[in-house]
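The same subunit A turns up in both complexes below, where it pairs with subunit B and then with subunit C.
Now for the complex of A and B:
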């Protein structure tokens, strides 16, 4: 009895409310900024340099809609789990289960890709000096160290993220000022000779939307901090929209620098394009700075991904959507420690599958499914609880234009994924269909019904 | 007013472990599926490789050549990168299947979610008494 009582008491310990807008910014931008250091450039391979720029801005519009919608719903549904908790209160359990899995899969697979970048970059630098380095221990070490940081507490985790993310962003600015000649008056950019027409025409531009998502993938992760911020109504919109502005600037500068220095075919398959751009500029200082910037961006992203994936898994487990054992909070550090530990070997195994492009596609598609959910989630949220019926932390303007634009752009991005990655798209959809059936048949009987609706709202209209 | 509250069964540790493993097994299966189906994630068009290509044959101008060389490449090492192209042929049947799968998935999920959501709301707020609320 004593043990059961202790366990019950342990599960009632809540997460700490210690975060402000800066931490929300650091969480969102920290996860995403690695997308400027690697990954976005695969859109150059699919649609050429101009195709990638168009994708950058079109997908920027998609994410602006995501940030607007998310800010309203999250500042009102201020609980860990972010979009999962929103889906649970607004659409229903099966949708919530899927949204929770989108988050876990998108972030855990992104974390694996981040750790691989750390290992590959160290290997590449070692090769420059004639050494042959095995990257695998560094991949494991990176994930293990960051998991330990997350285990010890969210405040320190996101404070570290703020510092290293800020450095990685400043590194892009420094590279831009040097490359464009704003420092010494001598530009090294060669756009006139390196830029070519659209290699695949406009269908290539459409196809490049898929990897255009890497400029911003994960910004919606700011919602995972909703239960740990001091003021959700202030911190979430400020941190998320500030993060989007930072990313739009960083993405445009990154495209401008890289396409002005690197031939597009090389750029389309480069592992670390910004670092390569710094190497081509012939400055040791810039090379070192971009090496550190790439490392920091990858580490910050993996750090934020561990934070977000574990909270999504924790929230689902707390509601018994997944095994209840994972829904525990550490009695001293007040973190979802079992979920953090459980996801470590999984991230490592994803990193070692050797299927990096499939892992990345899984991450992108999981994110895309989540954005599709947001487009009808906001419509239903406004319908079930019209403005004025409940207290909202923030009300986004121009409704329903953002959700219509979001729905259209999501459809275009599914088509972009079909172009070149059609088999992967179907296999990942098969996963979500199978796991949905499994949830309905196997898991849902373990879920409490009314108890999972925790918001102090009136009965939804029409129900 | 008494409410009919659903009491879920308590799941034992072994059952919880099995459930976590089932999800993982499905993830790995879907990661491997494209390979098992005979393709890789990226679907590229077949290209012809030349024995000794030149920068001109690879359509690289002087500035491009210089940048390739600074990156440590020769025409031989650059050729597989330059000639790799995506195939963007749209097959109506496969596109139709893809659209049907995505649409079917969301329709199934929304319908099933709505049914489960009604249970949640009825238990949380009690049975609905009139149309006005």
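Now for the complex of A and C:
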């Protein structure tokens, strides 16, 4: 069973180290790729087609900084919990509690939104046959089946994610080759006629940054696998940076295809733009492929979100930031099974609100708060443990340029979010302030302070 | 009952089976193994 038992010591159990770079890629890209199938196009409504492309690349730069910084810190702090564990070691308990909560909220809400998408897609199929399908049982089934898969083991979970994510990515490539004429020499793209100047000027471009996050939201989730990879120093940087390259390609191709087929006024309001582009091309094979791709992308995203949210909750519970009972590992499947089970009703509750845009906005804002944390976390990490003082699996280049760029772009995105969802932004800030007060007053006394710092590092510089 | 209604009932049923299986298994694990063992995972342990 792989549990570590030695004479005279209590038998211990741990998560299973079975994952490789491919699984890390599947986790990161799997969570994100649904953003290419839907959601990114709202940036077109804000800033026009060119504004969306600028958002795609500017936010791509933000996430490249996130991936670089994350790869360095995670390959050094190789534990489940990802950024939560990093915050605990580098900043302190209150920051760690908040970051852990950002992660749980961001992934559970994204999971709920993905499940809602699956339900809505099936409802749309039924509507084509004249039936009025209730999407709720399919929302619950999506969450229940993926939770069951996660419960039974991380290797199978992320192997399934690899297969369905690869299909969804290949579907985008196939659509691109067909639309651009590389297959039959006849391009159906009409960029010359459809692309117009910035309809709302540069303020529109700035506003589109918020929805530009859909192209990449969740890639930082790769570091939740740190405790279950065979080699964190190799797998996390390879999986994360490889995932980021995949997403940059997928995002650029998606923009190129959709803006060449659908006028920006319609594209900005479409629910499933890639699927709509396939339908407009008049090919049944492409239509079916992109429908399956949309479905698979939503399922892969929900699957990865369950994995990540449960690891974050498990790590917080293991440190008693949350009730310790949730920190249990299944003796056979070696998964955080109580955390997986606990988050099922939470995700179903979010999904049953039906407020897809609000759920997604809260998810994006929680993610954005996490990225802001990363920008100063890496500065403190390098200051307290300079290069050479501890063994790092990966050292990101050009420090401190990536963290400065990340901080500036996060600030711009906060402003963009304030323009469109000011009330949501202020509400979520108020929520995190209130739970921080609860943590300090009520929860922190339960935390065993001496057991929190687990890394075999020397005393930090200056202490 | 038409095909779509049957599909809805099937989805509800399968969801109940999957969640029920996990709850039963979790209960079985809790009664078979001690809490000290189940909660013995430590960050950084190999």
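Assume the second predicted complex is superposed on the first by the 451 of 463 C-alpha atoms of A that agree within 3 Å, B and C clash if a C-alpha of one lies under 4 Å from a C-alpha of the other, contacts with A are read in each partner's own complex, and residues count from 1 in each chain.
The rule is simple: contacts are C-beta pairs under 8 Å (C-beta built on N, C-alpha and C of every residue); 3 or more make two chains touch, one makes a residue touch a chain.
Only a predicted model underlies this, so the values are computations on that prediction, with no experimental measurement involved.
K.L.:
State whether A:329 touches subunit B only (first), subunit C only (second), both chains, or neither.
P.N.:
second
K.L.:
Contacts for A:421 in the overlay, against subunit B (first) and subunit C (second): which applies, first, second, both or neither?
P.N.:
first
K.L.:
Touching A:311 in the superposition: subunit B (first), subunit C (second), both, neither?
P.N.:
neither
K.L.:
With both complexes overlaid on chain A, does A:141 touch subunit B (first), subunit C (second), both or neither?
P.N.:
second
K.L.:
Counting touched residues of subunit A, say whether subunit B or subunit C comes out ahead.
P.N.:
Counting contacted residues of subunit A, the larger count belongs to B.
K.L.:
Who does A:207 touch here: subunit B (first), subunit C (second), both, or neither?
P.N.:
In the superposition, A:207 contacts subunit B only.
K.L.:
Hey, what residues of subunit A end up touching subunit B and subunit C alike?
P.N.:
Dual-contact residues (subunit A): 324-325.
K.L.:
Within their complex, state which residues of subunit A touch subunit C.
P.N.:
4, 10-15, 79-81, 85, 126, 129, 131, 133-134, 137-138, 140-141, 144-145, 147-148, 151, 227, 315, 318-319, 324-325, 327-332, 337-338, 340-341, 344, 454-456
K.L.:
Within their complex, state which residues of subunit C touch subunit A.
P.N.:
Residues in contact with subunit A: 2-4, 7-9, 11-12, 14-15, 18-19, 21-23, 25-26, 29, 33, 35-46.
K.L.:
Which residues of subunit B touch subunit A once you look at their complex with the stated criterion?
P.N.:
3, 5-6, 8-9, 11, 13, 15-17, 19-20, 22-24, 26-35, 37, 39-44, 60-64, 67-68, 70-71, 73, 78, 81-82, 84-88, 90, 94-95, 97-98, 101-102, 105-106, 108-110, 112-125, 128, 133
K.L.:
So in the complex, which bits of subunit A are touching subunit B?
P.N.:
45-46, 91-96, 98, 101, 105, 190, 193-194, 199-200, 203-204, 207, 261-263, 265-266, 269, 276, 279-280, 320, 322-326, 342, 346, 350, 353, 355, 357-359, 361-362, 372, 376, 414, 418-436, 438, 440, 442-453, 459-461, 463
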